[in-house]
Structures are given as structure tokens and as C-alpha cells.
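Chain IDs A, B, C, D, E and F follow the sequence of writing; residue 1 opens each chain.
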Amino acid sequence: MSDTKRFLYVNRKAPHGTVYALESLEVVLIGAAFEQDVSLAFLDDGVFQLVKKQVTTGIGVKNFAPTYRALGDYDVKKLYVERESLAERGLTEDDLMEVTHENDDEEDVSSIEIVDRARMAQIMAAQDVVLSF
Amino acid sequence: MSDTKRFLYVNRKAPHGTVYALESLEVVLIGAAFEQDVSLAFLDDGVFQLVKKQVTTGIGVKNFAPTYRALGDYDVKKLYVERESLAERGLTEDDLMEVTHENDDEEDVSSIEIVDRARMAQIMAAQDVVLSF
Amino acid sequence: MSTLHTVNKSPYERGSLDSCLAHALPGDAVLLIEDAVVGARAGSTRVAEALKAAMPGCTIHVLGPDLAARGIPADAVVEGVSVVDYGGFVDLAATHDKSQAWL
Amino acid sequence: MSTLHTVNKSPYERGSLDSCLAHALPGDAVLLIEDAVVGARAGSTRVAEALKAAMPGCTIHVLGPDLAARGIPADAVVEGVSVVDYGGFVDLAATHDKSQAWL
Amino acid sequence: MKFAVVVNEGPYTHQASDTAYQFTKAALEKGHEIYRVFFYHDGVNNATRLTVPPQDERNVQKNWSELAEKNALDMVVCIAAAQRRGILDEGEAKRHGKGEGSANIAPGFRISGLGQLIEAGIQADRLVVFGD
Amino acid sequence: MKFAVVVNEGPYTHQASDTAYQFTKAALEKGHEIYRVFFYHDGVNNATRLTVPPQDERNVQKNWSELAEKNALDMVVCIAAAQRRGILDEGEAKRHGKGEGSANIAPGFRISGLGQLIEAGIQADRLVVFGD
């Protein structure tokens, strides 16, 4: 087996009420150094992690949401967000923050791809290692 | 205010997967010494706490289910179980363990009363202190 | 005997808000805190409909600092839901006879 | 690329089993463990129907020691669901290409 | 008015302790009395003096300890729950042979029995529970 | 076959650690290799030597420590998660000025970085996650 595996980080939980979103992101950042094929899946309440304009000063907790926007610098470029999960929660793509990376032509392109549930299932199926938090 | 208050312990979680059912029961046992007016409510997944013939040897965890049957000895006599919660989970009263206490005529009578949701709401409303776990 | 009910989990993932609303009585207050505030976002969702149906029997409140943390503007909540701060949470607890947490 | 999906929370309280079943593909296995085993009890419940609908696309399994702890006899599970012990759990993890926990 | 506050989850993993802290602070600012803060279940983990959170994050244990010092709060950690999770004061550490210096309870917290929870329910006008 | 096991919750409050333990034991009995057990989030709390569970209950930490000793398991506690929750080895306790005897890590566990989790995912044939 080659040393490169497909790693998927599955995010199904809302941010701030529990630490899972934050500590999951910490794994992604560390994992980026290992040069694997990394994808992030956001479905169910995990889609709330990417909602823009999160302001956490009122709850006295550090806001880690800006870190998602830095993922491109770590060569983490594939963030899949499930369309059905958004819709059920009254959200649209416009409610999500911008996460971009530089493509081969040095243009900033979006790292977020909205996918339907069937495609999300295919993405999950194609992985070697699935980390859920 | 008199020193006697109506205490309700609300059990909404399944046993064994988390410690809440066990540690809630520990509060009930300690609390019995304070001679308050004590009731226990079992609704939603909390009804699974009273299912009979729980055998925990296979998961390597202590079985505290028999303690419910001892509640009568602690003068804890009112266990309210929600009918709708049972039905939604495919359970009937026959699936529950027997929990009894001695009445004034020294007869063993059931401590479990199956109540519908509307009555459960009334029972909750009538309390002074509600402890949820 | 009025009650302040608190709900702290997302109603899209857990049953606690549904169960709370099924047991709250007229004159009670329901306060959404922590992850439960995602249910307060206005829109044509199942949860928004459930909250509307529960009013005006109960009053529905949502904790502002938790709303902000989830990126939901205070004016984007379901109509009729009031936004309170921690002091308002204390007031709700004080002005109702008891509080019940739907954990 | 087959997957072993594990679900550990009661499907009566949380959405994880529903979400798992909505993403599992033909040839995958779903294993109910811990509090999720309460969903395997036979009967005319919403959850039993969902499990039946998921088979035979997927195989459905339930952890026996957890079943026993919840007072559910091994012969009282939804038809077609197989009861396994911890060794069987290991076998399922070994015979599928990867496992995915629906936490 | 007299409040009792119950904290059922530990620091960082769940927001419960943070919310309870903000609630307690707000109640004090409004002139209410906090009869007791009771830590149960994983809530006992708020009382360890050994946490070292990142510098740019809040320090949950320190928040509680400082609030207690400023307001003479009675913060009680359930002994049975604490034993299951490894939170010990000097006496407990010695009693269980855990070795010199093992006590890990933070300033402002004290270990006591579940009776303190019931008593808080009896004595306080309102009891508010924070958990998972 | 080579397994990696991830434990995301602490002892007693959630069954996750018990299930992971039973799974690990069963895998070893079947002749599989356990490449590593990685403790993350509240899972780091499994590694405290200070728990004193009731005598008629299982001892989760001891279960893990004994399994590790018997099978030379590599049990790694995430350093970042451990610092947030107050799990320290000698070096960490000294580095953060926590005082003589404060180290509370139990036998068989070692503290290391998150890279150990990724590496386990790369090296093991299967990775199984247990959590809340």
C-alpha cells in the first residue's frame, strides 16, 4: 500500500456547545503536515461550523471559526457541505463563510463544494480513513 | 416556606450508555434521607431504565437496575412513567420491572404509575425543585 | 406554578426541544441556550414551525450571546421569540417559580 | 470499498442512525452498539421500520452484550438483524475496508 | 433571591460550565445570592488545578476560583463523582494512598457529599441545572 | 490485521471507553495487532491515576493499564487535549510549575502529539473510533 491515504474528517456537530468542532480542526491542521489526501465533510449540524459572522465574545469562548479560512494555506482544499443538511436548517450557501485556496493558476477559488446527500455518500465511501468527532 | 418541598427527578436518558441514570439514582437514595416529597419521572429514553432483565455482565459494567426495586425501602414511592414514551419505543407496562412499596395496610403495591403526557406535564408543573441529569 | 424550561441542544439532532414543548404549559417560558439557539433562526424549517405553534401559550426566549456565537443576527430569529442576555436569563429564572433543564 | 458504520446513540433521541442509514451504500454494514441497541427491538416502531427498509441493501448488526444490558432478548430483535459479540464486531471491522463512527 | 446552580459537565468539552459561570456572574451582578454551586457527574472535572489551557483561551477553573474568591461562593464537588473521576483533596489523596502532592483540587472548591445538593434544593429559592 | 483505536470520551460518564476496551481485548484475542490506542478529547481522562471507583465497579483506568502491560500496547494521550483537562506527566507537571508529585498520568499511558493519531491512521489497516 502506498503511504498516501484518503483521510476524511466528518463534522456532524454544531460549534461552541461542545469542543468537538474545535478539536477536530486541530487534528486537521496537524494532519496537513503528513501530506495525505485530505477532505472535510460537513453534514447534519456540522454545517453550522461554517456559518459566517460567528461572534463568540459574549460567551467568553475563543472564536476558532477564522481558522477554517486558513485551511487553504495548509493545502486543505476540499470542504464538502451537504445540501440537504443546509436546507433542513434554513441555510443556504450564502450563509456560509468564504473558504478559498490558490489553484495552479494562482487564482483564489472556493474550497467549499455543496454536494447532495447521494454524492456525500459516495465521497465517504471513497475514503481510506474516516475520523469522526 | 415549609421545609418540605416537592422534588422531581427527571430521567430522560437510556441506561448504561452514559452514567446519568446511575448517578441520578445515587442522588435519589441520598435525597431520601431529607424527608422531602419525592417523585421520579421517566420519559423519552428514560423509560429504558426500568426495563426488566437487564444483564450487564457482558459489557463489564455494574448492574444498578436492582436498586430501583429497593426504592420502596427508602420511602420513594412515586415513579411516573410516560405512556407515549413507552409506546413510541415499542414497550408496554409488561416490559417494565416490578417496583413496589408497602402501603398503610402493609400490602405490597406498585410504585409505578403509567401516566399520559398531559398528566406528566401536570406532575412536572406541581413541583418545587426539578433535578435533571 | 410557572416554569422556566431550558433547552441546550440542537433540535435538528436531538429530541429535547420537542419533548420540552410537548410538556410546557400555558404561562411557562422556554429558553434556548447553547447549541439549541440554532433552532431560533427564522425560516421555513420544521423547528421554526414548532416554535410558532408553541406561542403564545408559552413565551419563547433565546440567549443572545449564544445566537451571536452561531452567526445568527438578533433580528433573524423566529417572530415572537425574544432575545435575552445572561441577566435576562437570571430574570426569567427569578420570575418563574422553578426551572427545568431538558438535558 | 465497503464500510462498517457504527451507531452508538438511541435513535429515539438523536438523528445519528437516520443520518447513517441515509448515507450507507449497498454492501455496507451497520452495527448498533451502546445505547443505539434499543433501536433493534422488534415491534411496530418508526426505528424498526427504518431498519427493515435499509435491508437488504445493507446488513444490520447489533452488539449482543449491549442488548442484554438493556434487557432485550437476542430473539426479540428486528427480523434480519444479526446479533454479534465483541469478536464479531472485530470481524466486521476487519472484513470491511474501513469503519465510520456516527457520533 | 437565593439561587443554587448545578454543573453536570466538565470544562471545555461542553459549554455547560461556561454558561453556568456566566449565569452565576449575572445573578451576582443583579444582587441575587448564590447559595451554592454544586458540581456533579463530569462537572467535578472543573475543579482540577492541573489544567493548562492554551494562553488565548479562557481558563474555566480559574474563572470559577476567582469568582468564588470575590464573592465567597460555596463551590461543592460531589465526593462520589469526584472519586470516579480522580479529583481529590489532601485528605482523600492521603486516605487512598495516592502519594504526596497528588491532591489536585483547585482553590475555592471543596469536596462533600450529595446531601449538599439536596440541601441546596431545599434552601435556595431557585435551582438551575446546566449539563449535556 | 493492524488496528488503531481512538477513544474520545472519559471513563464512567460515557460507555465509549468500555466499548473500546472490549473491542481492543477481542481484537487481541483474535490474533490481530493493535498498532496504537489514541485518547483524544475527554478520552484523555481515562489516563488519570487518581480515580477511586467504588469497589464493586470496574476500574476503567486499571483495565487499560493492565491490558497495555500484558500486550505491550502503545497508549497515547493527546498533549493538547490533556493540557486542557489536567492530565500531566512528570515533565509536563514540572514545565507548568504544578509542584512535586502533581503528575497524574497512569502506568502504560504516554503523552504525545496529534501526529500520533494521523500516523496511526496511515500505518494501521483499520481505524475504529469510539465516542459520544
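Simple rule for what comes next: a residue touches a chain if its C-beta (ideal position, glycine included) is under 8 Å from a C-beta of that chain, and two chains touch if they have at least 3 such contacts.
Fair warning: this is a prediction, and the values are worked out from it, not measured in the lab.
**Q** Along touching chains only, what is the step distance from subunit A to subunit B?
**A** 2
**Q** If you walk from chain to touching chain, how few steps can bring you from subunit C to subunit F?
**A** Minimum step count, subunit C to subunit F: 2.
**Q** Could you see whether A-E or B-D has the larger number of C-beta contact pairs?
**A** By the number of C-beta pairs in contact, the winner is B-D.
**Q** With touch defined as above, tell me whether subunit E and subunit F contact each other through largely the same residue numbers, more than half shared, or through different ones.
**A** same
**Q** Need the CA-centroid distance for the pair subunit E / subunit F, whole Å please.
**A** 25
**Q** Distance between subunit C and subunit E based on Cα centroids, please, to the nearest Å.
**A** One centre to the other, that is 26 Å.
**Q** Enumerate the residues of subunit F that touch no fewer than two other chains.
**A** Those would be 8, 12-13, 15, 19, 22, 41, 54, 57, 80, 84, 127, 129, 131.
**Q** Listing for subunit A: what residues touch at least two other chains?
**A** If we look for residues of subunit A contacting two or more partner chains, we find 12-13, 16-20, 44, 59, 61, 129-130, 132-133.
**Q** Which residue numbers or ranges of subunit C touch two or more of the other chains?
**A** 8, 12-13, 15-16, 34-35, 65, 85, 98-99, 101, 103
**Q** Name the touching chain pairs, please: which are they?
**A** A-C, A-D, A-E, A-F, B-C, B-D, B-E, B-F, C-D, C-E, D-F, E-F
**Q** Can you check the complex and tell me which residues of subunit C touch subunit E?
**A** For subunit C paired with subunit E, touching residues are 6, 8, 33-35, 65, 85-87, 89-91, 93-94, 98-99, 101, 103.
**Q** Okay, in this complex, where on subunit E does subunit A touch?
**A** 12-15, 18-19, 21-22, 56-58, 63
**Q** Under the definition above, what is the set of subunit C residues touching subunit B in their complex?
**A** Touching subunit B from subunit C are residues 1, 3, 15-16, 19, 22-25, 28, 97-103.
**Q** If we count contacts the way the header does, which residues on subunit B are in touch with subunit F in the complex?
**A** It comes out as residues 16-19, 59-62.
**Q** How about subunit B: which of its residues touch subunit E in the complex?
**A** Going through subunit B, the ones touching subunit E are 3, 5, 7, 19-20, 23, 26-27, 30-31, 33-34, 36, 129-133.
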